[in-house]
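Per-chain residue numbering starts at 1, and chain names A, B, C and D are given in the order in which the chains are listed.
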Amino acid sequence: MAKLVYFAWVRERIGKSEEELDLPAQVTTVRDLLDHLKTLGEEYEHALQYPEVIRVAINQEHVEHSETIAGAREIGLFPPMTGG
Amino acid sequence: MAKLVYFAWVRERIGKSEEELDLPAQVTTVRDLLDHLKTLGEEYEHALQYPEVIRVAINQEHVEHSETIAGAREIGLFPPMTGG
Amino acid sequence: MSAPTPTIRVQAEDFDLPSELLALTKGRHDIGAVVTFSGLCRDEQGALSALELEHYPGMAEAEMTRIASLALERFSLLGLTAVHRYGKIMPGENIVLVIAAAPHRQAAFDGANFVMDFLKTSAPFWKKEHAVDGSARDWVSAKDADDQAQEKWR
Amino acid sequence: MSAPTPTIRVQAEDFDLPSELLALTKGRHDIGAVVTFSGLCRDEQGALSALELEHYPGMAEAEMTRIASLALERFSLLGLTAVHRYGKIMPGENIVLVIAAAPHRQAAFDGANFVMDFLKTSAPFWKKEHAVDGSARDWVSAKDADDQAQEKWR
């Protein structure tokens, strides 16, 4: 089980701010996760249409898409940041 | 007649903060002025020993040593600035 | 000497620059330069009625602390404060505050500038614009210029 | 659009950063970034009892206005304030304040930084140090680093 949290337009398009998901064993990297989520419905497809722009944090730290998700308690998906 | 004003260690070494001086006709540039002042006594010599470090303002605007002093109402002599 | 601990806060309420400044500098005689940066909500020539700031609680504080610690060490700062607001913010209101204190001026300028550049691109905040006519509510797009601004510190 | 008029003051008394900040930004919705720089008197690890600031009355204001006008135009600033004190200043006290307001952050940082670099090398102020033991009263030497800092804006 992985806890997923969504922010900004990723959250709006998926339609929820967080969820717990059972992930298939072959989903091992962030890139695998994004590909998998896109199969879960058109709201996910809409949110993750251009996966290369999606920023990802594991346990609240930025990671690359090539990173493994092994040991992740919390995975955050969001657009590029626009604070400051 | 030119009004001369002195600041910081130039003022301290000359021993006054301002004076009016009659300048010889051949004193036409700032450099001439500095050379002339050095002949007026050892306090001037001490203040202007290294004329290249002396900053000069004519009518309260910075000028180079090659500048003419014609038309100067007020000539300021001082060390490099250390404000801010 | 270890770097000082930064003051980091993420909050809905406004901040008070004078109080933050005083907290950082009071009673100290080793600080020669303090730079403050305030980011404010502009109304975009009257088109914008408000900004809504969303953030990733926990991670926002963690990233700001990480960025502040980098700046403290890199520029040998004597103190650093960073406060970022979230929620609805009206034109003219404060969004973000950074204060950097140092013995000399360039370190204070660079420290505050560095923190702002990294906050923009790394701290998990997102801005949504509310139009005056109520029609559009668009998420602000990230700017290439912000990524480039971050590059200047490499 | 012509550049705004800078606020320039040379004074013996302390200044109040919050009041100056408010005067520059109050009621405005076009300012997105404000950078303040405060220069303070350091005690040099306890060796310094005070600074004495001498200035060239009239020319100090004129040079500060000239520098401020250059910055307003070069960085398209929305507002600029520069206040410089003279007379005796104790450790921990303010010496100089610069505030730059702009639509975006880099212009505000650059505006304040530019003004400080030029104030250091062009505004007619001179600092004399008073030692704690009363023995030495030395004029501060101009720094090559300050001339170099000014060069970066060429």
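In this text, a residue touches a chain if its C-beta (ideal position, glycine included) is under 8 Å from a C-beta of that chain, and two chains touch if they have at least 3 such contacts.
Keep in mind it's a predicted model, so treat the numbers as computed, not measured.
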Suppose chain D is absent; how do the other chains partition by contact?
A, C | B
Among the chains, which one keeps its Cα centre farthest from the Cα centre of chain C?
B
Geometric centre distance via CA averages, chain D-chain C, whole Å
23
How many angstrom lie between the centres of chain B and chain D, each centre taken as the mean Cα position?
26
Note: chain C sits from chain B at a C-alpha centroid distance in Å of 48
By the touch definition above, chain C meets two or more other chains at residues 39, 105, 116
Would you pick out the residues of chain A that each touch at least 2 other chains?
84
Every chain pair meeting the contact rule:
A-C, B-D, C-D
Chain A contacts chain C in the complex at 5, 7-9, 11, 57, 60-62, 76, 78-84
Help me check something: in the complex, which residues belonging to chain D touch chain C?
17-18, 21, 25, 27-43, 45-46, 91-92, 103, 105-106, 108-109, 112-113, 116, 149
Going by the contact rule set out above, which residues of chain D touch chain B in the complex?
39, 53-56, 58-59, 62-63, 84, 95-96, 116, 119-128, 139-142, 146
